[in-house]
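I have a structure here, written as structure tokens, and I will follow up with some questions on it.
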Amino acid sequence: MNINYGPILPFMEYLLKGTYVTLQIAAMAAIGGSTLGLFFGLSSRRRDPIGFLVRAVVDFFRGTPLVFQLMFFHLGLPQITGWVPTIMTSAGIVFSLNSACYLSEILRAGIESIDKGQSEAAIALGVKKMDITFSIIIPQAIRNVLPAIMNEFITLVKETSVVSMIGAADLMRRQSIISGTTFRYFEPLLVVGAVYYILNKVLSSLGKVIERKLRYD
Amino acid sequence: MNINYGPILPFMEYLLKGTYVTLQIAAMAAIGGSTLGLFFGLSSRRRDPIGFLVRAVVDFFRGTPLVFQLMFFHLGLPQITGWVPTIMTSAGIVFSLNSACYLSEILRAGIESIDKGQSEAAIALGVKKMDITFSIIIPQAIRNVLPAIMNEFITLVKETSVVSMIGAADLMRRQSIISGTTFRYFEPLLVVGAVYYILNKVLSSLGKVIERKLRYD
Amino acid sequence: TQTKSKGTLKVLTSSGYPPYEIVNEKGELDGFDIELGNLIAAEMGYEIEWVDMDFDGIIAALNADQGDMSLAGFNAAPDRGVDFSDAYYQDGESPYWVLTLASNDWSSADDVKGTTVGIQIGTVQAAAVDSIASEFELTKDARKDIGQMVQEIINGRIDWILIDKTVADQYIASYTQLTTFELQNQNFSDISYNAVALPLGSELTDEVNAAIATLKASGKIDELIAKWFTEEAE
Amino acid sequence: MIKLVNVKKEFKGVTVLQNVNCTFENGKTYAIIGSSGAGKSTLLRCINYLEKPTEGEVWHDDIEMMTHQNQLHEIREKCGMVFQNFNLFAHMRALDNVMFALKKVKKLSDDEAKKIATQRLSDVGLAHRLQNYPHQLSGGEKQRVAIARALAMEPKVMLFDEPTSALDPEMTQEVLKVMKGLNHTGMTIIIVTHEINFAKEVADEIIYMDKSEILEITETKTFFATPKSTRAKEFLANMI
Amino acid sequence: MIKLVNVKKEFKGVTVLQNVNCTFENGKTYAIIGSSGAGKSTLLRCINYLEKPTEGEVWHDDIEMMTHQNQLHEIREKCGMVFQNFNLFAHMRALDNVMFALKKVKKLSDDEAKKIATQRLSDVGLAHRLQNYPHQLSGGEKQRVAIARALAMEPKVMLFDEPTSALDPEMTQEVLKVMKGLNHTGMTIIIVTHEINFAKEVADEIIYMDKSEILEITETKTFFATPKSTRAKEFLANMI
């Protein structure tokens, strides 16, 4: 394999700017996914229409590939609803829903990992359910599953690469554009691989810092 | 969106045969990934060169997107090593290594979840380390993390869709071929979505059956 | 034709591009390029193994020793990172046809100014769009396959794409809201013929050229053209 | 005064409490004893409605809980409960453990809550442990934080479920000392315990349970001298 | 005979055992008592090398373990150990729990192992529980399976770490009965316990530990009548 970075150097800035697109989508999904995921996690066991709906959504998003969801939402829904979302909107919504479904399972596991005794102690003190959930259970649950949550975010960053399928100019797409323009294949691919690797290292270091912050033992 | 299955009906068999390709790759990866994953999980804490190598491999595979790994292995390595693997070989190896890295973490968590007391009891009885690992720890560890393992397999089935990038005619690739041939886009896409959904349902039902079989409480 | 085989040629293609390469109802690769490829390989005395993959991966795969040659409706043009054989088909039509919504009521190059164009990476049309992008203030939207870009024209996110006339005609037949017209520009490479793509510096190029010449002389190529282009286009 | 009338409790069709009738008078200390699975914990948990009885009435003074479920929070506020395994809030320091319900239930300000919490923790000899997390405390210390947490709410009744079973003999002494202190505050105290000697020392009345029923409620000295039921005699004979 | 000579144990620089010298004679029963953290469990675990002493010698008859680490498996075979929380293999039925080491260590055939295991479980009164999983057994039953599992290996020494602390008084009786049975088999028995009365009943000698050291080794009756060290006097005074 002869490696020659000459031809791709002029495109380096363009390539690296893909990081911004990747991060933007990942950030939207992380925020939307956490919020929704918490809601899903708290309500997926409910025996009312909301619980049913949440379970159906989780089931769909866990059962089909992300590429399919993205294509269906971005390309198919406009022809049904008439609403034509931008790439970023579609990516934001689909990725949020997708991570919400995975995060909800993680969070639910975290919630169930908290010894019921603490809830009982709080109930016995006369504390209201809302306060128990948000002041006793969730802070401990999140701390217990933080490694799993960080894993999910790392997966998220990597999975954003499928947005290239619907035309977003993220890192992966820019690699293929530059390869198509310069006929150099591996040079941009290696750069992209390195960028993802660094992003994920930064993310997991961040995760460890937060983990240390949340530590009480 | 007008849906008309007429034009794609003749291609249905071809489309559905993609399931076979998808499953073949997923199966290779599941078998290779479990075996390697168990080895990785047992040795990733070692403080010798093997442990170091395993940690480096896990780090690489968890830090970069699957697409990148696949392209790099299938297209890049032949130019360095001169060995030109077939698509199925490349897919089998990359997917196995990739799942092994995720499974190893799951298995390690499972192994650590087994109360140290049982090992101590076995040590006190004079049982050898190998017997403790394979007769006491692993059977219980696998049972404890079976849901996570099944999740990983489901993810695997969905992720196989990226092999279309290197030319395997899996479900996703066949959708695009048939769309190109028949000029109908959504009809094959919906079929593919349904197939994935069914595959994953079957897989998770299977998981539940195994879980019930392994139950001892 | 020789009877003894010299080995196997790995030939890359990307089906879903009628009439060049499609999958038939039996699920087999079929189309003009496929029949031609089989003839060329036989002529050269090789067995043939087809590899059907995403179009934008073909050039990289050729240069990564993952294929000996490719027939994928390639329009030969300089600087595409691969070598090309002599022409095997030239329909006299330019490969630069605009496919767009009929309701846009476009008819000339002026109409595409300031619009969004869909491109499929690695195609000659993508290179052509590149060459006029700044002059026409085009926004480029790169997609994986033509099928998806056509949906995006209908959705309105992409205004137009540039494709071969034969392909455009077939989409118009399926989607009545579409129309096509030729885009002319002096920047466009005027070489517009289909050729076999080979890795840079491939030793097979001469053999392939010889085979094409033989097949042309025997009229076999004309038979295929008649079969796939005249009949299909109707 | 707390009164249980014909209380019955089933779990999925299995009866674990039946024919429970008893009265807990203000200011007295009761010890509930009996073998494992007799229903002692369940009885205790019915008192503050942590378990809802399947049938029967639970009176707190003149309020019947089944018919006044809207007053659950208020009544629980008046019933402090201390659990066998402490159940401290793992992510809060000792002080915050005690402050939490003062702020969320009694709606006290941070300052007020802190003052009371500090006072209560000092009362149980933990003035030097305010800033420790539960896992940094010994078993006896944890148990005392749990007691302080319950006392801070100024309950009229204290419920203890095996308060010493997780403790070593010396820690048991610590906790015993604190509980004896409570004896003189006019609080009603109900203790489930396995430690017969502990019951002997601290209780006014013994409630002996077996197989989902109360077999006898007897003044402590009388119970140990001459238990009425044969089952209780056997039970005492088994003690070392 | 087991002999510890100048045994010292540090965890990360913290000394938890020091100056430990003692001899356990064949066929006698020893109870190790002392407050929490004194080092009782650590001492017990040094005997079968579950913890490796930092310094000192551990003799099993005429083999010194530090210098004969290749014989670890054999010596552990001869030392049965029963843990506070039973440590049964959770995925194996009672019978399989007992058979496991017979097959893997003693290399017995399935049939032989089964015969012995069934016999041992019957000895501890569990003939009717062979096919139950640990979670289906009561605490006392679990503890007896653990004892049977250790006994099946025909050990010359049995080590017990707080064998009754997770049990209720009646279950304690069950286990006590089994242990008293062992008294007459010529086995050496070493028990760490918090239950003074239990120690009184079962042991020939009391080993009293405090702050990482053995303060006295005294014949049981003498110890309870007239403990030598002041610390032991205090300790006994704190007992209820």
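Per-chain residue numbering starts at 1, and chain names A, B, C, D and E are given in the order in which the chains are listed.
One rule holds for everything that comes next: a contact is a pair of C-beta atoms (placed from the backbone, for glycine too) under 8 Å apart; a residue touches a chain by one contact, two chains touch by 3 or more.
A quick note: this is a predicted structure, and the numbers were derived from the prediction, not measured.
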item: Any chain that touches chain E and chain C; value: B
item: Centroid comparison with chain A (C-alpha atoms), farthest chain; value: E
item: Pair of chains joined by more contacts [C-beta pairs], B-C or A-D; value: B-C
item: Remotest chain, chain B as reference, centres from CA atoms; value: D
item: Homomeric contact chain A-chain B: same or different residue positions, threshold half; value: same
item: Intercentroid distance (Cα basis), chain D paired with chain B, Å; value: 52
item: Separation of mean Cα positions, chain C and chain A [Å, integer]; value: 37
item: Mean-CA-position distance for chain B and chain A (Å); value: 20
item: Overlap residues in chain C, where contacts from two or more other chains coincide; value: 60, 64, 144, 148, 151
item: Per-residue multi-chain contacts in chain A, two or more chains; value: 71, 75, 79, 185
item: For chain D, residues that touch 2 or more chains besides their own; value: none
item: Interchain contacts, given as pairs of chains that touch; value: A-B, A-C, A-D, B-C, B-E, D-E
item: Residues of chain D touching chain E in the complex; value: 35-36, 138-139, 168-173, 176, 194-198, 201, 235, 238-240
item: Partner chain C, residues of chain B touching it in the complex; value: 10-11, 13-14, 17, 71, 74-76, 78-79, 84, 87, 164-167, 169, 173-174, 176-181, 183-186
item: Touching residues (chain side chain A, partner chain B) in the complex; value: 1, 60, 62-68, 71-72, 75-76, 79-80, 154, 158-159, 161, 172, 185-186, 189-190, 192-193, 196-197, 200-201
item: Chain D-facing residues of chain A, complex; value: 115, 117-118, 120-128, 131, 135-136, 139-140, 143, 216-217
item: Touch list for chain C against partner chain B, complex; value: 12, 15-18, 22-23, 25-27, 51-54, 57, 60-61, 64-66, 144-148, 150-151, 170-171, 173-175
